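Would you mind keeping the following structure in view while I ask a few things?
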Amino acid sequence: MTAQLPPGLEIEKLDERIMTLNVGPQHPGSGHMRLIVKVDGDYIVSCDPDPGYVHRGEEKMAEYRNYITNIPHLERPVIHDSCNVLYPYCLGVEEILGLEVPERAKYLRVIASELNRCVYTQYWLAIYGIFLGHSTMFMWPAGDREFLIDALEKMTGARVTHAYFVPGGIRNDVPANFEDMVLRRVDYFEKRIKEYAAIFYDNPILISRTRDAGVLSREDAIRLGTTGSTLRASGVDFDLRTKEPYDVYEELDVKVNTLKAGDSYARSKIPWLDMLESCNIIRQAVQKMPKSGSVRVKLKPNPKGGNTEVYKRVESGRGSLGCYIVSDSKPEPYRVKMSVGSFRNLICMPYLLKGEKLGNMPAVYWSLNYWPVEADR
Amino acid sequence: MSTEETKPAAPAESKETKPVAKAEPKELPAFEKSISDKLEKKFGSKTTIEFVKPTRIRVKVNKENVLEVAKFIRDELHFDHAESVSGVDYPSKKEIEVVYHLGSYTDPDLAKQILTLVTSATREENPNPGNDSTRLPSLREIFYSVEFHERECFEMLGVFFEGHPDNRRLLLPEDWADLPPMRKDFKIKGR
Amino acid sequence: MGTATGIIKALNSGIKHLAVKRFTLRYPEQKLKFVGDGYQFDPTTGVGIAGYKGRHMLFHDKCTGCNLCSIACEGVAEAIAMVKVQEDWKHNKKSIMPQIDYGKCVFCGLCVDACPFYALYMTNDYELSSFTKEGLIYTPAQLQVKPDVQQDAEFVFSDRGTTHG
Amino acid sequence: MSAIAPKFRLGYFLKSILDNTFWGIILLTLVGIPLVMMLLFYLELPVINGKLLSPYLAFTTLADPSRQIPLIKSLMQTDFFRIAAFPGFGFAALVAAGTIFVERKMLAKLQLRVGPFYCGKIEGILQLMSDGIKLLSKEIIIPAKADKPIFWAAPVLFVATAAAFVSLIPAAGNGWVVANVDVGIIAVFAVIGFFPVITVLSSWSANSKFPFIGGIRALHQMVSFEIPLILSVLGVVILTGTLNLTEIVESQHTYWWIVFLPIGAIVFFIAMLAELERIPFDLPEAESEIVAGWLTEFSGMMYGLVQLGSYLKLYAFAALFVVLFLGGWNGPNVWPPFPAEIIEKGIEMGPITARFPGLPLLDQQMLNDVLWFVIKVVGVIFFILLPRGVFPRIRIDLLLHIGWYKLIGLSFVNIFIALGLLYAGVLGPGGIL
């Protein structure tokens, strides 16, 4: 057979024991990426992540569009978390253009981004559940996130791709009865997600499956530069909402959830605790929000940036999300770089999966709160 | 933006190399100043403190000294991880700037701080990624977390990182034969 | 015995949910209700009016053919093209009006923000499927028609779960 | 002119229907009926009510319902009926089909969604039929380097083995079982022992990585759980002193074995879930790790056959659990007696009185047995289906750990309980109870 192949192509010689599995992109358990996994029996010998299947060149595209028209496409990397993805860009552009955001807009931004965090986390939780073989945990979060999507839809006018934040505020004021509507949905949502405990988080089979799977120690979590739930599950108390509060987070009481264990179970529990905390933040923000007022600073049609650079970061559903903008006094940014949580957590994957059992692969991989589209940008 | 300032010690030309707005003499934030002072005291003219803003410091280093400075930043200043590595292409200056955004988890005082470590590589008109003079020393030995970021930087701008164990493609397709796409001379069709 | 109680609790939770009402929205029969008539923009205050970002609606008596919506769309989706219309308006000397290709539109609403004459706004109509690509291109005459939408399903919260009433 | 079928004309359609009807009638009269006559001429026909069932007589029975009953009765005594219809394949397939539908609807209810809804108007009751037709009409793709004979044979063998398992299960008293063997339980375990062999054969013959890993996992899982499965049954065998399944059921006339051997029942149930490859033990088909395990390369009706086999197996295991621990068909007599006036007077329809000598077809006892048996089987199937909505998948090392350490230990405890009861003289042959 080998003789018939053209030069340059050769069939990989199989070692007697080591077998190479291409987990993805067609594999049902991979998402939009590929993991080249070498297994020895049921043990993973090495794992090489191969992202890039959904690379869209968002950063290159941003260099050709002006500051406002960048908004609809810069939120595309994570459409379920689109407010948070856009947040650092807006903060950065505001600093470049020297804009002061109205108080009401700041609160509404916080509400929208916390709602979006819940929506994203529910989606992630659904995927995490189905990859552990728990089909109910796929259906419940996927259904319950509908309450918050509905709230966001009434607020922003779109289900997922909101394009709601702009430099200088938000696009539109909220409808009448917004407070009642959002509080009602958030209350019901909180009641629903508390029911996940009995069937998922306190389920002894899940605990035995994910506990001690892919343990990331505190030192390694810091050394590898992980972020978000991965970092906080390893015992590092680092949340930008309290450490570097942006907009009105310093006026709100934010509790940071940390767990010591650093295993898959802790990593998967942190986002759930964060959702409960988000419900609290939304309630506080709705209470403290100014009841009326301006929500947007008027911009010139094509604002020219200054000759400067900024690096702004926010806490998104997947961890710290930074946006590095270099401006050169033109309507278009000179360079936009997004430093995303998924890409920073990608480095853990070969590190954690080495020596792990193949059965632990989905548990470890998806507990990293990894979103392939965001990592590829 | 308003608090931006160039250090008096910085050479006059760096004012032009970096896009810097008009300098307004203003009180510099004390904590950030102390960090930049430490760097300046240790390395003197090897480093250029380009600006000190609240929670942000930008330091420019030549590529010969970057390893030494990075080691000092890690060991003495306790910045322990890299948040991002971005390359910025400046065709007019014939250099590609590589910007490391360094942060700290271990030191609670530094949680807000981002130290921007900038170094630059020479830019080639006809790049041949990996085999030309666009090279920089890799910081992977010092900040382990730059591994994937440097791989991305290599494919996007053609900056080869010497000492990086795994200088392969990451995001781009395997058959990408065009210019590195984040260079300014790579144009999107129709734009 | 923590394992046994955990298993029993999980089974109990599962059985309990057999009695909870099902949540599914049966889409073609039921349609979710939105706020207002659709996304509109008020150029005097610089703020939009909350509403669903669906298909656009064009008021021929206000459109001046100023190209601003087309320019706004240029960096986003390039869905808007200005076409000649066989109409005679005093304020529209060139007789050009936007034509929107919904195969490209991303429904961001920046064109509505850009319009200084309140001529373009978005409606609650989101059912825009077509068998051909040409069917997705809406001419100014088609955009003039006010969509007929019947959306009345809303969440009904109760103790036995939530349904779409 | 519709968009879906632009060339449709009603005239052509009616013409094609008439053509087909014409040719159907021609073929039936010229070929079909003579063929049937010839067959009836050569077949050896049974003697019913002292009359030989000649072809002529057989045709007259078609016109007279009262004369069909002896024919049906004689048919029901044959082995063919047992194998194909009642305690055998047909009944089991019906229960399996019902199980699939109930599983989908119940899981949907648990997950707050609708499930199959539009197919068949009433809550999607015809969904299974449409799925079956879909699978039948799909192309069967075989990997290029597969070992084709074995790959083809594996689904058929799987269904055949599951059907063989079904044939050993007694469904009602008075010999309503396909094969009433004296070594019933040993025969059951012998048949179960075929499943890992078939699994490994099919996964090996597919010549693909994911089926191979799935097959190896299935082998590990089935082999390691067969031991607690057998050991947990040993308690029942010790107490009843027989291996015949019908006799085991009859021994539970007053009390069920689950009362005295709860540990054995639990161990049997868990091992049963593992043998059935159901969640939480569905490792051989873990889709997030190994695509679909040993089913990855099956397509079309080959996949359908494997599914049919696995649901037959599910019914058989549930029925075995009922037979061993839940008293089989024993239960209070709730089936109403056959209305006497129909036997005596017949059914009066105006001037005509139809008499049915030979009714009832099935006696009251047998119907009562079947009712209780089906109720219990459905209850057990509910508890087999429920974990699918509640538990995640377990890991292979934990699975083997449970199998080898915990379940085997528990089944020994169960055996000691049985032995204690036996030697204390409480139960067993010559016991107090």
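Labels for the chains are A, B, C and D, by order of writing; each one numbers its residues from 1.
Assume a contact is a pair of C-beta atoms (placed from the backbone, for glycine too) under 8 Å apart; a residue touches a chain by one contact, two chains touch by 3 or more.
Computed from a predicted structure; not experimentally measured.
Q: A-B versus C-D: which interface comes out with more C-beta contact pairs?
A: Per the contact counts, A-B leads.
Q: Measuring between Cα centroids, which chain is at the maximum distance from chain B?
A: Farthest by centroid: D.
Q: From the mean C-alpha coordinate of chain B to that of chain C, what's the distance rounded to whole Å?
A: That gives a centre separation of 43 Å.
Q: Could you work out how far the Cα centre of chain A sits from that of chain B, in whole Å?
A: Centre-to-centre distance between chain A and chain B: 25 Å.
Q: Could you give the separation in Å between the centres of chain B and chain D, each centre being the mean of its C-alpha atoms?
A: Result: the chain centres lie 69 Å from each other.
Q: Rounded to the nearest whole Å, what is the centre-to-centre distance of chain C and chain D, using the mean of the C-alpha atoms as each centre?
A: Chain centroid spacing, chain C to chain D, equals 51 Å.
Q: Which residues does chain B have that touch at least 2 chains other than itself?
A: none
Q: In chain C, which residues are in touch with two or more of the other chains?
A: 10, 13-14, 23-24
Q: Can you list every residue of chain D that touches 2 or more other chains, as numbers and ranges?
A: 110-113, 389-391
Q: What chain-chain pairs meet the touch criterion?
A: Pairs of chains that touch one another: A-B, A-C, A-D, C-D.
Q: Applying the document's contact rule, which stretches of chain D touch chain C when the two form their complex?
A: 3, 106, 108-114, 117, 386-387, 389-391
Q: In their complex, what parts of chain A are in touch with chain D?
A: Within the complex, chain A contacts chain D at residues 19, 21, 27-29, 39, 42, 129-140, 143, 199-200, 203, 205-206, 208-209, 357-362.
Q: Any idea which chain A residues touch chain C in the complex?
A: These residues of chain A touch chain C: 64-66, 68-73, 136, 143, 146-147, 150, 153-158, 161, 163, 169, 171-175, 184-185, 188, 195, 198-199, 202-205, 207, 294-299, 301.
Q: Which of the residues in chain C come into contact with chain D in the complex?
A: So the residues of chain C in touch with chain D come to 10-11, 13-15, 17-18, 20-24, 26, 131, 161.
Q: Could you please specify the touching residues of chain C with respect to chain A in the complex?
A: Result: residues 2-3, 6-7, 9-10, 12-14, 23-25, 32, 34-36, 38-39, 41, 45-53, 72, 74-77, 106-110, 113-114, 122, 155, 157, 162 of chain C touch chain A.
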